[in-house]
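After this come two complexes, each holding chain A, first together with chain B and then together with chain C.
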Partner chain A sequence: MHAVYSAIFEPGFFASPQVHVAATIGGLVAIVSAVTGVFTVMRGQSFGGHALGDVSAAGGAGALLVGLSPVAGFVGLGIVGAGVMDTIGVRRLRGRDLATGIVLGTAIGLSALFLHLTTTTGATTGATQQVLFGSIFTAPAGIVPVVAALGVVALVAIGVVYRPLQLTTVSPDVAAARGIPVRLIGLAYMLALAVSVGLSSLAIGAILSTALLIGPAAVALRLTRRTGRAIGLACLIGVVMTWLGILLAYDSFYWGTSRQSLPVSFFIVALVFASYLATGLPAVRRTVR
Partner chain B sequence: MFATSFMMNAWITATVVAVVAGVVGYFVVLRGSAFPAHAIPKGAFAGAAGAALIGVSTLLGLAVFALLGALGIGTLGRRGRNDVATALTLVMMLALGAAFLSRTTQYEPEVYSLLFGEVLGVSSSQILPVALLGVVCICAIAVVYRPLMLSSVVPEVAEARGIRTQRIEMLFLIILALATAMTVPVVGALLIFSLMIGPPAAARSLTSRPLLAMLLSIGIALATVWVAIAIAYLYNWPVGFCVGGLGALSYGIGRGWAAWRRSRTAVAESGPVPLLNPSVR
Partner chain C sequence: MTADELTMSASAPILEVNEVSVALAGRQILDQVSFGVAAGEFTGLIGPNGAGKTTLLRVILGLQRPGSGTVSALGRHGSLRRQPIGYVPQKVLLDPDLPMRARDLVALGADGDRYGLRLPSRQRNDAVREMLHAVDADRFADARVGTLSGGEQQRVLIAQALISRPRLLLLDEPLANLDLRASQEIVRLLARIAREQQIAVLLSAHEMNPLLPVLDRVVYLAAGHAASGTVDQVITTETLSALYGQRVEVLRVHGRVLVVAGEQAATEAD
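Up next, the complex of A and B:
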C-alpha cells in the first residue's frame, strides 16, 4: 500500500513549498479562467482570448525593459489591447477576426522590439523564453495575493453583467430588442477577459493561459448546455487538470534515469487536450444527450 | 546594402516570402482564417525544437508540425467549434515544443530568431527550398482558384454547385502549412502572421475586385518587407518589429482611405451608399 502511495506521490511532494505555491496559483487561475472561458467559448472568441495572452506578454516584455512591475505590464497592455480590438472590431464575425489579427500582429511586433532591446542591453538572459512560455514552478510566493485580487476583479466583473452577458451571448438580437446595451456588455466582458488572461499569462505562462481558458470550458460545454452548470463543471475540470499536471510534472523527475523533469505546461495541456478528444467521441456524446 | 552576398540572399528570400504571403494572405483575410494563420506557424515552431532534439533539418521539423497542425485544425474543427479546435491544437503543439525544449539546451539561442525572424541570416542554400515551396504554394492556389474563391465568398452557393467546402478548407489549411514551413526560418513564426493579415486587409479595403486586390496585396507585402529589411539593416532594429508595425500601419491607411472614399461617394451621389466592401466594414 505504501509503495503504491509513494509511487503516485513521489517523496516530498506535499512538503515542497514550490508545489504549494504552484498549486495555489494554478488553482486560482484555473477557476478564473474557467469562468471567463465558458463565455469565451460560447461567444466564439477563442482567438481573442488567445491573442490577449500574447498582447499581455508584449506588455510584460515592455515592463521588463523599462523596469516597471510585470503585473502592470501584463494587465495594462492586455486591457489596452482588448479596448482596441473592441473599438476597431465591427460586429461581423470576420471583422472581429481581422481586428484581433491586426492587434495581435502589432503586439507581436512590439514584443520583438522590446525583447530585442532587452537582450541587447544584456539585462536578462532567457527573457524570450520566460515571456513566451513562463512556468508555474518559477512563480514567486509573493505573487499569490496579486493573482487572487485580480482574479476577484475579473470574477466580480463577470458576476455583475452575468444575466445580460448570457443573453447577449446566446442571442444578441433579442438582447438588443430588450434594450440591453449589447456593445457595452461586450466591452465589459472583453475587459474582464483581458484581466483574466493577463494574470494567467503572467502567473502560468502564455501556453497554459490559453489552454486553461479554452480547454475546460469547451469540455464542460460538450457535457452540458446550461451556462451555470457548465461554469461549475469547467472550474472543477480546470482545477483537477492543473493539480494532476503539477503532480505528474513533479513525479516525472523520478522517471527514467535522466533526473530531469518535463514541464508542467506539457502535462496540463496534454490532459486538457485528451479530455477534449474523449468528450468528442460519439459514444460519450450519445450518453450525454 | 546590396553589395554583400548575405544581403542579396535576404532580398531574394524576402521577396519570395512576400509574394506568397500576399497571395495566401488574401484568402486568409477573405475566409476569416486569421486564427489558423496564427496558430499553424506558431505551433510549427515547436517542430523546429523537435528537429533540433533528434538532429534532423529544421525545415523538415517545421513542415511536419505545420502539416500536423493543419490536419488537427481541419479534423477537429469539422465537428464542434472551429476556433476552439484551433486554440487547443495550438496549445498542444506548443506544449510539445516546451517538452522538447526542456530536453535540449543547444536550441535556446535559436528561439528568438525562429520566433521573430532572422532574415539577415539566410544562407544561399536556403534559397532554393524556400523558392520551391513558394512555387508549390502559388501553383496550388492557382489550381483550386475558382472553387476556393467561391467557397470563401459564398459558401452556400459553392455547396449548391457541388463543391465540397470541407475538402477545400482542408486543402487551404495544407497550403497555409506549406507557406508556413517556408517562411518561418526567414521572417519568424510570429511575423509571417502580420504579413498575411496587414497587407491583404489593406488591399481589400482599397478595392473589391479579387485579382486587383491580390496584386495590391502582393505589392503592399513587398513594400513592407523591403522597407523592413532596409530599416533593420540601417538601424539594427529587429525585422519583426518593422514588419508588424508596417502591417498594422498599412491596414490603418487602407481603412482610412475606404472611409474617406465612402463619405465622398455618399455626398456626391446622395443616393444609397454603395456597399464597397461588405466584409471589411
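Up next, the complex of A and C:
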C-alpha cells in the first residue's frame, strides 16, 4: 500500500514549496483559462486566442530583455495586442481572421528578435524555454498574489458581461437590436482573454497557452449542453489536468536513472489532449449526454 | 394610387416608415420608402432578393441610419433601441456544439441585455416555458439548439423574440431555409400569435405564396421603391409595373400569384 502511494506521490511532493507555488499558480491559471476558454470556443476565436499567446510571448521576451518581470510583459503586451486586433479586425469574420494572422506573424517575429537579444547579450539563460514553454516550477512565491489579482480581474470582467456576451455570441444582430453595445462587450471579452493567456504563458508557456485555453473548454462542451455547467466542468478538467501534470512532472525526476524532470507543460498538454480524445469516442459521448 | 394613399388609417399605426432613403456604398438601396403597420396586423414585406428588405428591417430596428426619412415605432420617434421590438434575423448560425438548450436561448431573450450573473428565477423559468409552449416547442425545450432542424430553430428564435413581450415582431426571411411543410407551420404559428397576443408582425420574404392565406397587408419592395396595401391592391400588373419601372405581369393560378417579367419569372412560385 505504502509502496503504491509513494510511487504515485514521489518523496517530498507535498512538502515541496515549489510544488505549492506551482499548484497555486496552475490552479488559478486553469480556472481563468477555462472560463474565458468556453467563450473562446463558443465564439470560434481559438485562432485569436493562439495569436494572443504569441503576442504574449513577445511581451514576455521583451520584459526579460529590459529586466522586467515576465508577467508584466505577458499580460501587458497581450492587452495591447487584444486592443490592436479589435481595432483593425473589423466585425466581419474574414477581416477578423486576417487581422489575427497579421498580428500573430508580427508577434512571433518580435519574439525571435527579443529572445535572440536576451540570450546573446543578457545573463538570462533559459529565457527561450521560460517564455515559450513556461516556468511554473521556477516561479517565485511572490508572483502568486499578482496572478490571483489579475485572474480575479479577468473573471469579474467575464462575470459582468456574462449574459450580453452570450447573446452577442449567438446573434450579434439581436443583441444590437436590444441595445447591447456589441463592440464593447467583445472588447471586454478580448481583454479578459488577453489576461488569461498572459497568465497561462507564465505557467505553461506562451505557445502552449492555447492548449489550456481551448482544451478543457472543448472537452466540457462535449459533455454538457448548458453554458454555466460547461464553464464549471472546464474549470474542473483544467485544474485536475494541471495538477496531475505537475505531479507527473515532479515524479518524472525519479523515472529512469537520469534524474532529470520532464517539462510540466508537456504533461498538462498531453493530459488535456487525452481527455479530448476520450470524450470524442462515440460511446463516451452517448453515455454522458 | 401612391403608397401614401394606400396606407391605412383605420387603427393607430404601431410603425410608421416615412420617406426613408438609404444608400450603401454609393448604391441607392431604398428610395423614399413609406408605409405603416397597425397593431395586430400581419404584414408581408415582399420583394426579390437584393430589393433592400434586410436593410429596411435594419433601419426600423435602429441598426442602420437612414440617409433621409424617419421611422417611428409605437408612436415614438427617434432611437427605437429601447422599445420592445422583437427581432428574428435572417441568419443565425447555431453550432451543434453550442452549449445551450432551446430554453436557454429563449431565456437570453428575457435577460440577455442585463449585466452580471444570472440568478435563479421561477418567474423567468415560467415565462420561458410559456413561450416555448406558445411556439409549440415544448418537445425539444431541453435539446441543444444547434442540433434542432431549421423549422425547430426558427420556433425557438421566435420564442426568444416574443419573451420580451414586444408589440411589433420583425422577421427577416424566416421561411428561407424551410421546406414547404415547415414554412406553412411557421406561417400559421405567426398568424395565431399575431391574433392572440395582438402583436403586429412584419415578415420579409422573397416568395409570397405561403403567406397569402394570412397576410393582412403587403409591402412590396422593388428597385428601391415600395408600395403597400392589401394584396389585391398591391399585387397587380399596374402597381408592380410602376414599381419595377418595367412591364411585369401578375398572374393568378390556382390561388397562387406569379409575378412575371417578360419571359422570366421575377418572383417564382413553388
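Rule of thumb we're sticking to: the second predicted complex is superposed on the first by the 279 of 289 C-alpha atoms of A that agree within 3 Å, B and C clash if a C-alpha of one lies under 4 Å from a C-alpha of the other, contacts with A are read in each partner's own complex, and residues count from 1 in each chain.
FYI, a residue touches a chain if its C-beta (ideal position, glycine included) is under 8 Å from a C-beta of that chain, and two chains touch if they have at least 3 such contacts.
In this text, all values refer to a predicted model and were calculated from it rather than measured experimentally.
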item: Which of chain B and chain C A:Val170 touches, first, second, both or neither; value: second
item: Partner chain in contact with A:Phe253 - chain B first, chain C second, else both or neither; value: neither
item: Touched partner set for A:Ala211, first chain B, second chain C, both or neither; value: first
item: First, second, both or neither for A:Arg222, with chain B first and chain C second; value: both
item: Between chain B and chain C, more extensive residue contact with chain A; value: B
item: Contacts of A:Phe9 with chain B and chain C, given as first, second, both or neither; value: neither
item: Contacts of A:Ala112 with chain B and chain C, given as first, second, both or neither; value: first
item: Partner chain in contact with A:Val160 - chain B first, chain C second, else both or neither; value: second
item: Touching partner for A:Tyr276 - first (chain B), second (chain C), both, neither; value: first
item: Chain A positions touched by chain B in one structure and by chain C in the second; value: 41, 44, 222
item: For the chain A and chain B complex, residues of the former touching the latter; value: 41, 44-47, 49-51, 88, 90, 92-95, 97-98, 100-102, 104-113, 115-116, 119, 126, 128-129, 132-133, 207-208, 210-211, 214-215, 218, 222, 260-263, 265-266, 268-270, 272-273, 276, 280
item: Residues of chain A touching chain C in the complex; value: 38, 41-42, 44, 159-164, 166-167, 170-171, 173-180, 220-222, 224-230
item: Contact footprint of chain A on chain B as seen in their complex; value: 29, 32-35, 37-38, 76, 79-81, 83-84, 86-88, 90-92, 94-96, 98-99, 101-103, 108, 111-112, 115-117, 188, 190-191, 193-194, 197-198, 201, 237-238, 240-245, 247-248, 251, 255, 279-281
item: Complex contacts: residues of chain C adjacent to chain A; value: 61-63, 81-82, 85, 87-89, 92, 94-95, 97-101, 104-105, 108-109, 111-118, 142-144, 160-161, 164
